[in-house]
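The letters A, B, C and D name the chains in turn, as written, and every chain counts its residues from 1.
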Amino acid sequence: MSKISVTIYNEYVHERKNEFVKKIYPEGIHGTIAAYMRQEPDLNIRTATLEEPEHGLTEAVLNETDVLMWWGHIAHDQVRDVVVDRVQQRVLNGMGLVVMHSGHYSKVFKRLMGTSCGLCWREAAERERIWVVNPNHPITQGVGPYIEIPNAEMYGEQFDIPDPDELLFISWFEGGEVFRSGATWHRGRGRIFYFRPGHETYPIFHNQQVLKVLTNGVRWVKFSGNAETTGIGACYQITEPLETLSEKDYEQGMIEHPEEFLQS
Amino acid sequence: MSKISVTIYNEYVHERKNEFVKKIYPEGIHGTIAAYMRQEPDLNIRTATLEEPEHGLTEAVLNETDVLMWWGHIAHDQVRDVVVDRVQQRVLNGMGLVVMHSGHYSKVFKRLMGTSCGLCWREAAERERIWVVNPNHPITQGVGPYIEIPNAEMYGEQFDIPDPDELLFISWFEGGEVFRSGATWHRGRGRIFYFRPGHETYPIFHNQQVLKVLTNGVRWVKFSGNAETTGIGACYQITEPLETLSEKDYEQGMIEHPEEFLQS
Amino acid sequence: MSKISVTIYNEYVHERKNEFVKKIYPEGIHGTIAAYMRQEPDLNIRTATLEEPEHGLTEAVLNETDVLMWWGHIAHDQVRDVVVDRVQQRVLNGMGLVVMHSGHYSKVFKRLMGTSCGLCWREAAERERIWVVNPNHPITQGVGPYIEIPNAEMYGEQFDIPDPDELLFISWFEGGEVFRSGATWHRGRGRIFYFRPGHETYPIFHNQQVLKVLTNGVRWVKFSGNAETTGIGACYQITEPLETLSEKDYEQGMIEHPEEFLQS
Amino acid sequence: MSKISVTIYNEYVHERKNEFVKKIYPEGIHGTIAAYMRQEPDLNIRTATLEEPEHGLTEAVLNETDVLMWWGHIAHDQVRDVVVDRVQQRVLNGMGLVVMHSGHYSKVFKRLMGTSCGLCWREAAERERIWVVNPNHPITQGVGPYIEIPNAEMYGEQFDIPDPDELLFISWFEGGEVFRSGATWHRGRGRIFYFRPGHETYPIFHNQQVLKVLTNGVRWVKFSGNAETTGIGACYQITEPLETLSEKDYEQGMIEHPEEFLQS
């Protein structure tokens, strides 16, 4: 069996500027996630960062990528539109996408959702409890009825997203809010999983349950559908009908008075 | 009760160039729809076309519009991005949107869907039968179990759209295809209804059942939700928690060794 | 415009046995809700209780009922199956249903959901905050971004329901749980709205925001769909095809060796 | 890796009474499906029929079954309610279910859907074309853009089912109807896949593409979710809150005048 080719994108800005963040993620958030996932025998991991040429997301890299993971925060605006276009096209053609935490406000996620992806937030190191609400889904497997995070940034509703295809997790926050923390959508042939936990100033990407869910997510968004349909990215003309059509007395250019065909 | 303010956008190109089309829609597709809808006492109708300044969709017009209807075909690319941005923002803030026929490939619809909105098509004047599959929805009211169109352009699956919130109609085509012809989504506070029938070379916008469904659609997409939530178009910081937080021993800048908080 | 005919079913057991409950709901829970709703000019209210013949839900009553509201708790098992069958049939044929609080475990709701409708609960007079997560829906109109209940019984996930058609509210509880508190489904021509708040030992059905949401719910579940489709409650044979069929060389009884038609 | 344990239930009545049917399915419909699936190395196949004790679906059999397939037609009523109850409980607890063709009207499917599951039908050996509308799903994998069936019984809308979690296939029929032919739902921890093709008088269960989809379906409905949530089949009391509750001045029995807590 061939491995799943995963590319972890991280803007990688906070970790180089802020000493506090650097202590938590000395190799970057992408490095911490990559280290965990490299232990999985079915995953092949590479990383990409903002400062690389084309943010490390060249045509060649994306074409070889089965699943793209995305983390960004203060540098969303610096992601070039040509790369956003490219990622969108690859998702429509079957690349899986896992969007993490503040990636909710990335150009890539907004483009695929069609909404503003706004929310409310508070940074007060409060407790979060992420409840499983769909016991039927592979992404929720193996993490018990909930995941508890002792210190987290709060994200609260109303979260401006399209209704998910599947709602998997809902977060409770100590300060009084709730949030749809784990959800899936499909766009074209591509599957998308958004998972809320994670922030640069908390060691949440070291949490084994969070990493477990992300790994479940990677496996689930990997394309396993039908590659033979048309309609993605084009309007195909079908010149020959599949069935024999009845004779038509209506044809542009052949009839002089189309207004006589007006229906009541 | 105040009336619903409806703006019907039509690119209005075919009807001025093509004699055949002109005979079917002498006042333009928008004119035909407007004439029908002006008979409805609860609707206030205006129209907008591509060649008008800002395509007739200025800030002022959109701010006064409860429901925007959209028809376009060969001039999708000429719609300016600034107007597309504006329409998207208004939808997120509660303006309803009814997209008709070839409007599936408009910039506006693609932007809100996040997909390519591709499909397959054939122009052979074939018979279409549009079946109601949701008997529970106001949009399907009053048109019987199906609508029959004697001569139609075919649109076939796979239609590259996000899974609808509600699937209302499925079309059968004489030539052998099917199509998800009527569906709804919401984006932010705005409701969207896509309805397939209609083409410039067929008198389908004179069909009373089609016009009935469009009118049902206008009434249904009109905003009637909750205007008091936040989260649309912004990330709001909440400085004061709703609940008293427990004392925290985790705070950036206050602790010297955040790596000690790393969780297994 | 004709009024909406609403029947409020309450088992009406706690209020007659328990002095504490009686002080909160001297006319029964149904009486409190009815008193509020009778102020609405478009609603026609009647009530029904367990001890009435056929629980007050005779064929005649249900046939005249546009919307049935349901509250039950300790006497779910005493509801006769013949009445459950009757309510299900009426819902499939277009009667709206609003299920309140502990009604989640009623025979009627379980029958229509197909699941166990289990959950977890705690009675500790804790604070609940019911967040709007769909700003687009008439049921969420007019209650701000959330409703706060000072003292409530907790209901927690995992709530064993089918994925809702629309998720409208999510509750936060002081004790650490979350719950999908407001949701809709359709079954046949009937719409269903479940709303969590309310318990016999708390005065929650006196809360004006809760009553507002229930009233929104009544108006929304009222049938306004397509009454002309078939398929509800029967398998209809269509003897004459809508289209002329091609000649068939396959017909039972006419061919001697059907095994020759086996396809690879 | 352990194999998936599949039980194929077939009422097995037509095939023993009708010579024509017997020629097509000499070992019964279940026998034909079993023969195909036994070639799959990851599947372990057994069968069950109506006339066996408890229809072959004893507690012991169901407890060992990962996925149950269901075909029935003229003997739906003879299936005992105790077995229906048992199947429902197993589905809620994680057993997958694949319902085929006329199984739409089985007690088991109706129970899990909560609707009548009615439709319209015509037996005229007409052509059917089953279109893939979700290219993203493992069940649609490997069958091209559509499956063509030369001679089929027609099933038409309106099909009285709850809105599917995922709509995968839509059928076109020569006689003019459409049908939602492939769809999924989850109930509790169990996944359900309904697939329309197949009839006793047509050799459709010999069609390799139909068998491919059924096999995809078996693999997909196999439980791979979260087995650690509660709430399925019970209302669990939580006596100890997860969070420390604030002091309450509201407690049944402790306060004498609950009516003073009535909220406006």
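As a working rule, contacts are C-beta pairs under 8 Å (C-beta built on N, C-alpha and C of every residue); 3 or more make two chains touch, one makes a residue touch a chain.
Just so we're clear, the structure is a prediction, and the values are computed from it rather than from any experiment.
Undergrad: Walk from chain A over to chain D along touching chains and report the minimum step count.
TA: When the steps are counted carefully, the minimum from chain A to chain D is 1.
Undergrad: Using only the C-alpha atoms, find the rotation that maps chain B onto chain D and quote its angle between 0 and 180 degrees, to the nearest 5.
TA: About 180 degrees of rotation relates the two copies.
Undergrad: Please name the chain that ends up farthest from chain D once chain centres are defined by their CA atoms averaged.
TA: B
Undergrad: Could you please state the distance in Å, as a whole number, between where the Cα atoms of chain A are centred and where those of chain C are centred?
TA: 34
Undergrad: Which whole number of Å gives the spacing of the CA centres of chain B and chain C?
TA: That pair's centroid distance is 30 Å.
Undergrad: How many Å are there between the centre of chain A and the centre of chain B, using C-alpha atoms for each centre?
TA: Averaging C-alpha atoms per chain gives centres 24 Å apart.
Undergrad: Could you list which residues of chain D touch at least two other chains?
TA: 127, 129, 132, 134-135, 145, 156-159, 163, 165-166, 174, 176-177, 186, 188, 229-230, 232, 242-243
Undergrad: Which word fits the touch map of the chains here: line, ring, star, complete or other?
TA: complete
Undergrad: If we count contacts the way the header does, which residues on chain C are in touch with chain A in the complex?
TA: 129, 131-135, 145, 156-159, 163, 166-167, 170-173, 176-178, 180
Undergrad: Under the stated contact criterion, what part of chain B meets chain C in this complex?
TA: Its residues touching chain C are 127, 129, 132, 134-138, 140-145, 165-166, 174, 186, 188-191, 223-230, 232, 242-243.
Undergrad: Can you list the chain D residues touching chain C in their complex?
TA: 20, 23-24, 88, 92, 105, 111-116, 118-122, 124-127, 150-151, 154, 156-160, 162-163, 165, 174-177, 185-188, 201-204, 206-208, 229-239, 241-243, 245-246, 248, 250-253, 257-259, 261-264
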